[in-house]
Amino acid sequence: MLIPHPLLGLRDAQEFTYLGDASLMHRPDPAREDAVAAFADYVFLRDNPAGVHRELWFHEAGDRSWLVVTRDTTTHEILGAELASDVKLGGVQ
Amino acid sequence: MTRLSKGGLIDRDARLRFSFNGTEYSGYQGDTLASALLANGVQLMGRSFKYHRPRGVFAAGSEEPNAMVTLRDGARAEPNTRATMTELYDGLSARSQNHIGSLERDLLAVNDLLSPFLAAGFYYKTFMWPKAFWEKLYEPAIRRAAGLGALSMQADPDEYDKGFLHCDLLVIGGGAAGLSAALTAGRAGAQVILADEDFALGGRLLAERDRLDGAEARDWVAITRAELDSLPNVRVMPRTTVFGVYDHGIYGAVERVADHLPTPGDKVRQTLWRITAKRAVLAAGATERHIPFADNDRPGIMLAGAMRAYANRWAVTPLKHANDPIAIFTNGDDGHRTAMDLIAHGARVLGVIDSRADAPCFGQYEVFPGATVTGTKGRQSLYAIEITRNGQSEWHSVGALGVSGGWNPNVHLASHHRGRPVWDDALLAFVPGPNGPQGLIPAGAAAGKGGVADALADGMQAAITALLEIDIAAKPIPLPQAENAPAAQEAFWHVPGKRRAWVDFQNDVTVKDIVLAHKENMRPVEHLKRWTTLGMATDQGKTSNISALAVMAELTGKTIPQTGTTIFRPPYTGVSLSVLGGGDTGPHFRPKRLTPTHHWAEAQGAEFVEVGPWMRAQYFPQPGETHWRESVDREVLAVRSGVGLCDVTTLGKIDVQGADAGEFLNRVYANMMGTLKVGMVRYGLMLREDGHCYDDGTCARLAEDHYVVTTTTANAGLVYRQMEFFRQCVWPDLDVQLISTTDAWAQIAVAGPQSRTLLQRIVDDADISNEAFPFMACRELTICGGLRARLFRISFSGELAYEVAVPARYGHALMQRLMEKGADLGVTPYGTEALGVLRIEKGHAAGAELNGQTTAQMLGLGRMVSVKKDSVGAIMSRREGLAGDKRRLVGLKPVNAQKPVAAGAHLFAKDASRDMANDQGWVTSACYSPHLDSHIALGFLEDGDTRMGEVITAANPLEGQEVTVEVVSAHFVDPEGGRLRD
Amino acid sequence: MTDLTPITALGGTVARSEDFGVLRLTEQPDLSLASLSLRKGQGVPSPFGLTLPGVGQSSQAGEYGAFWIGRDQWMIEAQGTQDIAAMLKAEVPEASVTEQTDGFATFEISSAGGAGPLEAVMRKLVNLDPQAFEPGAATRTTLEHISVFLVRRAEDRLAVIGMRTYAGALWHALSTAARRIGAQTDGELAK
Amino acid sequence: MTFSGFKVVKEALTGHKGWRPLWRDPDPKPAYDIVIVGGGGHGLATAFYLAQTFGELKVAVLEKGWLGSGNIGRNTTIIRSNYLLPGNEPFYEFSMKLWENLEQATNFNSMVSQRGIINLIHTDGQRDAYRRRGNAMLLAGADARLLGRDELRQMVPFLNFDNPRFPIKGGLMQARAGTARHDGVVWGYARGADQRGVDIIQNCEVTGFRIEGGAVQGVETSRGYIGAKKVGVAVAGNSSRVMAMAGMRLPIESHALQAFVSEGLKPTIPGVITFGAGHFYVSQSDKGGLVFGGDIDGYNSYAQRGNLPVVEDVIEGGMALMPMIGRARLLRAWGGVMDMSMDGSPIIDRTGIDGLYFNGGWCYGGFKATPASGYAFAHLLATDRPHETATAYRFDRFARGYVIDEKGVGAQPNLH
């Protein structure tokens, strides 16, 4: 696989470590009343779509950036990649 | 000898000796083992898998099902090697396979007589009674007969390599279409790789008598090759099989660098290339199929196209006796080409048996229109065939028979991403479908355009199209004048009859087996394959699958496309495990990390142990010590009574800086880090977000906005990754910068009551007295006359102890210096074994306790999970399953101090029966404590914290041991911690 | 100065160097390194007069060099062994600076036969297109399971900067590739 | 029809005229008592035990493709019960006991072959962990042996004992473990279920659940609506997308796992060998192919194929362990879709919807579980109570904190 790094261009996926669903960026508010239930959903449940999936890859043997990669899980086609910190600070989702 | 007197792409001046089954033969440069054996009149080359039928060569390429040999001898023996793909070299030695006794008199040929009992799926229906006999009798017998070739059982002595290539256009296959594609792209200046599995470029152009620009095709091939070789932007890779298509334009290819040489010499034998291609042209050609008929598997029967290739490229006929007549059986025009080529080479042709009633004739030979072959004779060499026309049969003497059932485009790579090929009614074949891998364009015969003129034009057009997609403008090139050979054919798939008609030769699958599969409702094509083993042999059914589908379609009344194909999977042809495994099978299998004092420890005679990627000194045997325990006991006691030195560089170190560094660490550690004073260290516990313990270590605050944290050796990379995750993905608003510094510092633990005394001798001017530098202090200072260092007063052993860090290049010298300066103090280097004993004595958790399944409470660290703040894992650590877990880390002391406790033993109340219901925990770590002169252990025990003093049993039924132990505090040594603080 | 004697990453007292045909592999112990990370909102500085390079690039100013290692993050290089972290911190006191000199082992592969043999070695070791990795380019990637920085110093010189504790394994990988390429004749290396 | 050696001989002598379809191809009926979604190993085993043990008469199995087209059709065929945790070990041991009597139960030779499994030990820490595991196995009534280096070397002398990166110090062996012929398992259960009246319906894809008042009424399929009192879903690999049709999110990700087979070789490897330091496990089939595998590819995937780096990683491990296999060739590589759960252990449980039951999350260990999974799921469907060996496989273990995490890596599926 090749990951289209937003800064570095196409890079061998072997340089990356995969984490999973990008929803992991949205850690629940620990102060909310149903925090335990919210955290249980956050930690354990996944949409796991057959199709377009937004997911986190860490460029471990590269620039050490976390990326949000949009990829089709049925074809492995990659539709885009962004720096996770930009996504988070940009308030996406 | 059946070598033709002239012609062929062989160098008749270069005679090569070789042996087959111990008999010496000779051939020429340019031969394959198959062509050379045929030239020597050898028809019988192997035995089939199941019935051990005598078999000769059937094809001329990588689709060969029959002529499988074990090539070379000794450790280089290579089983299941296709004679058709083996380039002849001087001294080649090969043996046939899968027979007991000689190839000619294989004792297992008895299986053939038993074939009625061995029909498709027979083994699923029997061998079930009596029950025990399957494993004791039946299966061992089946296993004895299994397999084809044998492993040498020796390590492969050759070297292998891997590499990466990048190009604009990868052209797979160097026949007419591939050459024109490569030339088009090469002239356009694109970066081009042209790969072909053959040792000579040209593909079928070398096997046919096509004329290009009025000359022999091989002339055009040579000129084209020369031009491609001259272009700096084109890499021509013969002997290279592109075996798989992976995601995003990555292709796997194996280059057989030295397989054509007697031994590789200073070359690698093969190289695995991972080719990243922006676009690719699949010009892999087509594979001829046969027509199953009665007894169609005899040596002397082969594909008609292969027969042509042998005659045209290698100047041989597949006969045992040179002047025997040859017959052709075909359902189309293509078979006639073989007859004409053979005649042109002066061979005797009996005629062409053409299933079509209106069969044409293209030359001076007899045609049997509307006829089929319905029988053959000749157990080890064909000598007669039965031709049936209008119900009339007659036998004819022949020495060989060519069979042509049409050509299947080699769609394999185009289907590696599970896109299915589509049926072409005109072509009577599957062609690549629309859902192939992105960027891969089939061309030429692989796309169903097998005529030479068509293939040349299609290859060129494919290159132009592919390059246009990546913004490279390629112009059409002048193509040589060529003609498409007549290729009309009819759909004629097999000759019905009562005798066995082979479909899959290697695995002995016959039309009858398909009929049986149909009868038993094994009709989906995957069931057919699995029930009969069709297409599962080493040739992966290249010559058999489509014919089998056609037979099944006929039985079910469906069309062939409705019947469908099985899935095409990599590799296209078998790839050696050695080349995929890359070569470094020994000590360099995975890289080693060496500590800064590794060479010093080596010089001291240390024993080393693998700890993940690291090599660590395990213990330092001294003269006279005969058992590791003696060394370890000595090292442990030295620390407890004097001072010891241990390289602890392997612990991960992460530099954390920024205005929000303290807040960040508050969030990733369970306990509070933001309140840590500058110049102090705190033990840190890290949870996973699911609330279980993840890692532990220390946080040292070097400045208001600067911490150095340590991790366990095993988790260094993981903790760094997790911290970056939180920094970038969860809290990017915090001002924090992280970088790993594990390797930068050589860190040496100086532990024991004399450690301060020793350190005072190397510290330049800093005051490290207990008052100035108390327990859990840290400081940047200089030692040994100005060397930058960091000193931490932390202890893993429970003794007064420090860790001193210096730039890694000085670790070796620092260790030497400490040894010198501490000689009078009895300074002693210690390894991981003593480190382990010391920490067990002190009750510190390590890998066996922090195994990812345990909680802070279990470790007795529950109060470290701060409730004053949120941190990773804090919320989930309060779930009932974790909060209610009553297991606690305890110390275990055998009642008989000299009786060892085994880590991994399970804990039981003294009189409880030894079963799961009464299982109350397990021993995590165990050792002999020289300090206490007793074996000791740590373990997790139900309600352990309330059971001090209870005598329980550590049961280890696996090794037949039970040890009575007393439950004690995990802190065997100095539970009050006074030694740390003095 | 301290009277302790340092050793090289490969454990010697002098740098190791070995020739393989036209290729030379050399250990370079006299390179000082420190990482520079910008704080939140900090502008890009010019320590030692360096223009800090853009993504995937390196730059040079006198004895100092820099290469990009991540967003808002560079590795600063200096010839010779010196307390580069302290010097750098003095240049850019508001930034996060971390001593990295001994975190890494630096090896240089140089070719007396032009770019060809050097690129052939690269093709055996890293998944980067050598033709696109032009002089001045710098990146981190994996090499035989080891994470390394590569800096193309020139057409015929490549620095391979890997974690110091992996130095021996890295030398093994580099020298194996160099030996195999170095043993080939010029013709085989043409492309 | 009963299969036997006698029958095989008789048919051979009479031209194979008497063979009958292994199962019928019935049209779906309007309604069943129990509909099983998924005609793989687990679904068919469930149907078999529902009919054979629990006396359920109106059962259908719906399969969107051909029987056994999921992971049961492409795996490394290993059966074993060498687990550590009390939530797992009794279940897998129950499965092992069902394997041991499978042929007699189904009258079909699924070639269960107890040639043993050896998990190699490379470090002292690993030996301690395996000792704990071996003891757990014995306590659960399974068999286990701790092998020393010398004993191991006698059994498998061809391993790289003398020049390894990671030394081989011994092994944990389960002699009763081994392999079974994966397709034979499918066909045995399918034929057995069919003979007991189960309707097995191929090419019938479930496209939705009909749920009214919080209770399942039946399933919409590509062959029309089929009513059902109870619906059991056993579609591992596709669990998330099927259960999403019922509005459920699962603690599961789908991942690609590759498996490999070499060309046929004369048998040399006696049982199953697992190389802990190098991501590699291997056995040799009765046909002679080396059947081997390693880690999952690591990213979410439904593509049923994998990539080259894992191929290399697995084979590098194999070569380091057994350098003598180098001159053999890789023949085929497969990719399957694994239901990777958040703790590496499966789920067999009711759902929040009455009458809808779930079986999945098998990670890459589903094959060995097939008999017990089918039996336990049948037990749950028939009695509404979990089987005694499967009580831990609940959905709510995640939220409540009772995960069954053999590897101790937490909620990251690609590490299990």
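As written, the chain order gives the labels A, B, C and D, with residue 1 at the start of each chain.
Following the convention adopted for this analysis, a residue touches a chain if its C-beta (ideal position, glycine included) is under 8 Å from a C-beta of that chain, and two chains touch if they have at least 3 such contacts.
Please read all numbers here as calculations on a predicted model, not as lab measurements.
Compared on C-beta pairs in contact, A-D and B-C come out with B-C as the pair having more. Distance between chain A and chain D, defined via averaged C-alpha coordinates, is recorded as 30 Å. One inter-chain figure worth recording: chain A and chain C are separated by 31 Å, centre to centre, where each centre is the mean of the chain's CA atoms.
With centres defined as mean CA coordinates, chain D is found 48 Å away from chain C.
In chain C, the residues touching two or more other chains are 73, 127.
Shown for chain D are the residues that touch two or more other chains, namely 303, 307, 399, 411. Contacts with at least two other chains are made by residues 162, 246-247, 250, 274, 276, 417, 588, 590, 592, 689-690, 876, 879 of chain B.
A list of each chain pair in contact follows: A-B, A-C, A-D, B-C, B-D. Residue ranges of chain B in contact with chain A, taken from their complex: 246-250, 276, 417, 438, 689-690, 717, 721, 724-725, 728-730, 732-733, 870, 874-876, 878-879. Listing the residues of chain A that touch chain C in their complex gives 7-8, 11-12, 14-15, 60-65, 83.
Residues of chain D that touch chain B in their complex: 3-5, 7-9, 11-13, 16, 19-25, 65-67, 69, 73, 86, 89-90, 103-104, 107-115, 122-125, 127-136, 138-140, 144-146, 158, 160, 163-167, 181, 183-184, 187-188, 202, 262-268, 278, 285-289, 303-305, 307-308, 311-312, 315-316, 318-320, 323-334, 397, 399-403, 405, 407-411.
Within the complex, the chain B residues that touch chain D are 49, 76-80, 116-117, 119, 122-129, 131, 134-135, 139, 142-144, 146-156, 162, 244, 246-247, 250, 252, 272, 274, 416-418, 512, 516, 519-522, 524, 526-527, 530-531, 533, 536-538, 540, 569-571, 574-578, 580-582, 584-590, 592, 609-611, 688-692, 694, 847-848, 851-853, 876, 879-883, 902-906, 914-916, 919, 922-926, 955-959. Across the interface of their complex, chain B is touched by residues 1-2, 10, 17, 19, 24-25, 27, 30-31, 35-36, 39-40, 42-44, 56, 58, 60, 64-66, 75-78, 83-85, 88-89 of chain A.
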